[in-house]
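Once you scroll down, you'll see the structures, which are given as structure tokens.
Heads up, the next two complexes both have subunit A, just with different partners, subunit B and then subunit C.
So, the complex of A and B:
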């Protein structure tokens, strides 16, 4: 009998110690909702790299994710993350999840939510975004210098402010080196649609474009550019979101890259420390969230460096310099801070001739987040 | 202008090829009286099989063979369910689609973003490709295009002009009478389902080793459903399937070509289904026998039942 009591007492002690230990050992569980497959090589892939980075940096973090969640279906997944997975914070990484995330915030007042790329916050719902429009501007500088047909193409996912802002920034960049170049746009109405992106790229090339940028989460446009370049018709392409230079060594000039990892670490650390606020996090090149390059090792594909160095351009602040130097200098300015060089500096007209940003003025963050007009060297109109 | 026409026509044929290959298979299958709604799933299985085998062997033809075999193997599920167990063909077909899409993305996970060293490139047919304009359009194409045309002609000939074709067709029209002739209805239907699956697998291979050389999840992107619509649009005839497939392919290409003119791509994307609805309405109005629809399509056949 005494031995049994001893064993019981020992067990209780062990349980007590374990209980105390777990109370001290604070953990955070984060759920991530992605709109595409994590293998899309674009948006969702980049977010998942960020999640993995955060998990490797933060020992107290546990994370789960669900991929390919349609934008209308996130409420169900949020419920599952909170109720079954017992997540403390849920990251909803697509614009269309916005209203469901706000609703979830009301439904679960003691949990935190972070919505990516939206503009609605509440007590426990914050927003975050790493925007790449500066990188699109830099790519536009290169596209303008390299194009021989003065026709530049852009394959867009959906006509929403984010993509329109990128098209405009790209067009403004092209205008800086080539005032005659026009940007032609095709919409594919899909974030992940390699076949559509491919057809759209082919139709742009058929229309005479020889430089292509895009917003679509696969290297489909790059593949088209590489194919044509191999056959002897040089098509310049600019990678999007993930390192894509390997898919088009003869075609990719540069591109935009994103690092969500630094951002996720900051957000999760603030939750852990209790310093979290709902304030919008809007990160650009200065925060190291937006990075220029076709992959993380090359800002500009070495194959095209000589061409860019040979192309001279007149600028107001640097005088006459090579396009290559202009890209590097502007990139350095952007890294110093968003206010050092703003691509959207007036005067800027839309393509119907209306003045949108006055001479000497700069676009505000609000202007940029709601932009829904084409600047004057983009062809056509935004579909309704 | 000439370049533009050639480019558009070439793209149309490229976009229509996987549709045509899939449709030939579905026509054969439906002519024997079996509705197979699993095309989308079987196509994805074919796509992943072709990609993985090509990835390791560097041999595109082995990849193609693997796709055809995989398509046939997975279709056995539908054959057992619809022929041996006489279950509802709509349900087992849909199950096949879901299963196929699932298996394909699971098996393809390690290859996401990986690229083949080479894809099935275009082959220019000597002499014929020198014909101005038409030569460039018709005779500088991927081997899949040539195979699709030959297979469509062969399928048409076999179905309409051979004894085997009569057996297949009568199985779809009146299995009881066919059985009375001493023909094994189950065997014919099994065969047609497997051949149909092989075609779907080949259509998938077309996408993963010829249309693109990158593995991307969900590359079939609803083409399996267009194939089912096309089968009706073509009124169960492989020759008409050729016209239909390239018409639907053309619509896909036109989506981006006509966009600058203000024509919504969503509207054009809708057209294949609209056209199919129109054909269905026509079938409803006209005498359906004249329109070739197999009379016993989708009806399970129980041997010896009166």
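So, the complex of A and C:
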């Protein structure tokens, strides 16, 4: 009998020690689900850079990822991450994963889920998003100042609020420096569609546009701009999501960049510390999630700085200044906080003449997230 | 002394010979794939183990493998029939999508008014008709205008994918989907039940097994099955024997397209519950099923085994991606390489290759 007690006591000790030891080297395993290939130089690529950044900053973090997961397949992959890979938290980085993420939250109540760009939260499912509309506004300022034809093009992925918001912000920026400029839009119905994006860019150029912004996850539009610029017809382009200036040294003026790394570190740290909440994280320039530039080294391509400095513009708050200074000043305001300068400040009319934001009013987060109208200097109508 | 390669047709092919060729093709294919893994700096044995433990090594893996096997079996068995008649149907991908489109229409429009026992058979029927109609077009083009069916079926994949995209961004875009290009969810009565704790939509699984059985009987036990085989082996002889080439080809393609359409209904009503982009609805089942049919040696019953095998590779493909960091395209490379070796094996099975020295005078009869 005594022997049994001794053995039991010994076992208990071992268990206790093991328990303490495991508590000391607490680890978190995170799974990332991407909708596109990580080599796409767009959305999924940027998320994967963020994942790698988090892994380099957080010694207790282990992460796994899977790319090119069709939206309808996410439930299966979440199951694999939780059941087979024993992940503690799963990041689902596409809007289309929303419902499956919420369902997974119910199925695995002791795990955490973070869904990117959605609007549904639950006890253990949070949401996060880094939005770039401020950067589109700044790029619009530059496009308006540089265009010679007063026709600006935009290649859009899908007619959803996020992309419409970016088109509108870009158009509002252009209007600030060039009230005559109109924005022309082509939809390609793909997030990754370099062939379609090229066609759309060519068609915009053929229609007279000489400045192009876009939402598509490859540098296709920039390559078109570079090709024309090399042949002597200057086309101004604005990079999207990843550093793309290298693909169009004679064409890329600036662009919008994202840094998911800071966000992933914050989210994972809060899980590690036990301070995690399900509240939506909506990060902009002030949080260093949205960054201006064709790459991380240049806010504006040096090639175009002189032109932008030469173009003067009248503003209500800064008087007459150069476009270059305006971009820098607005960017500084945005970095101070989203409320310091809001691109969507009234009066704003849609392109049918209806007043959408009253004079003196600003768009709320809800307004921005559900925006489905073109502002008055965008041509055409949103496909229904 | 330069050796000459001489290729002759093999007179007789024994089942043992067939089995050996199949095994050898698979082994050689796996070896070639191993070299690709090596090029990625991954231990090939470990990677292959990971694929098969990822798909067959756990309950999770098995459940997912069965889920993926359902469309592969359905399409594979339909292709087996078409390929037997040497009708090279490369368009199962779009026959599946057409079935999904027809089935979704029925589900969305009639689902709210009919109970499940009525709406689900109607959806499958509509899906069969959709796939069959889409399959009949290239069949008609071939018999009426001698248009090569490889080209026409392949091209029709793109037409159908664009048509589906048009529907979901245009007239069928859901009111509850926030501007995203998806249709609304199917009503509850039009959604297939699943085995609890899995995504196996068992109704489609039963349909698939029934189809395999029925087509197996048709191929091996009926006059029609015999006609299919004769048309495939020797169309001229078939004509002389009074086999109606026109009618038989149309029926073959109606079946082949129709069962792919059934798979499309299963995917929408069992997994997705709404129509979305072509690539999400199908993830290339129509193409993978070509390899399935080939691996099954065009035998409807073997299609079940081959379908499960390839579903396992698809599911295990996630595992090697996650744990070894290999790119998503690895699985496609795996499948493609294996198909190339299976087809090569078939060639060597049907042809005898002899090496001999050119000492012999030209024109000397083959000693065989």
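The rule is simple: the second predicted complex is superposed on the first by the 363 of 384 C-alpha atoms of A that agree within 3 Å, B and C clash if a C-alpha of one lies under 4 Å from a C-alpha of the other, contacts with A are read in each partner's own complex, and residues count from 1 in each chain.
Keep in mind that, in the parts below, a contact is a pair of C-beta atoms (placed from the backbone, for glycine too) under 8 Å apart; a residue touches a chain by one contact, two chains touch by 3 or more.
What you are looking at is a predicted structure, and each value in this text was computed from that prediction instead of being measured.
**Q** Both complexes share subunit A, so when I overlay them there, do subunit B and subunit C fit or clash?
**A** Overlaying the two structures gives a clash between subunit B and subunit C.
**Q** In the superposed arrangement, which partner chain does A:301 touch: subunit B (first), subunit C (second), both, or neither?
**A** Neither partner.
**Q** Contact-wise, after the overlay, does A:189 reach subunit B, subunit C, both or neither (first, second, both, neither)?
**A** both
**Q** Quick check on the superposed pair: does A:323 touch subunit B, subunit C, both, or neither? Answer first, second, both or neither.
**A** Neither: A:323 stays clear of subunit B and subunit C.
**Q** Does subunit B (first) or subunit C (second) touch A:40, or do both, or does neither?
**A** The answer is first: A:40 touches subunit B but not subunit C.
**Q** In the superposed arrangement, does A:377 touch subunit B (first), subunit C (second), both or neither?
**A** neither
**Q** Is A:124 touching the first partner subunit B, the second partner subunit C, both, or neither of them?
**A** A:124 contacts neither subunit B nor subunit C.
**Q** Touching A:220 in the superposition: subunit B (first), subunit C (second), both, neither?
**A** In the superposition, A:220 touches subunit B alone.
**Q** Touch test for A:159: subunit B only (first), subunit C only (second), both, or neither?
**A** Only subunit C is touched by A:159; subunit B is not.
**Q** Determine, under the contact definition given at the top, whether A:101 touches first (subunit B), second (subunit C), both, or neither.
**A** neither
**Q** Going by the overlay, flag which of 41-49, 239-247 or 293-301 in subunit B ends up clashing with subunit C.
**A** The stretch that clashes with subunit C is 293-301.
**Q** Do subunit B and subunit C touch any of the same residues on subunit A, and if so, which?
**A** 37, 39, 189, 383
**Q** Where on subunit B is subunit A touching in the complex?
**A** Residues of subunit B touching subunit A: 3-4, 7-8, 11, 15, 105, 109, 112-113, 115, 207, 211-214, 216-219, 221, 252-253, 255-257, 259-260, 262, 264-266.
**Q** Within their complex, state which residues of subunit A touch subunit B.
**A** 37-41, 45, 184, 186-189, 192-196, 198-200, 202-207, 218-220, 223, 246-247, 379-381, 383
**Q** Could you list, by residue number, the parts of subunit A that touch subunit C in their complex?
**A** Interface residues on the subunit A side: 31, 37, 39, 64-68, 70-73, 75-77, 79-81, 83-85, 95-96, 158-161, 189, 372, 383-384.
**Q** So in the complex, which bits of subunit C are touching subunit A?
**A** The contact residues of subunit C facing subunit A are 54, 58, 60-61, 64, 67, 165, 169-170, 173, 178-181, 199, 271-272, 276-277, 279-281, 283, 318-319, 321-323, 327-328.
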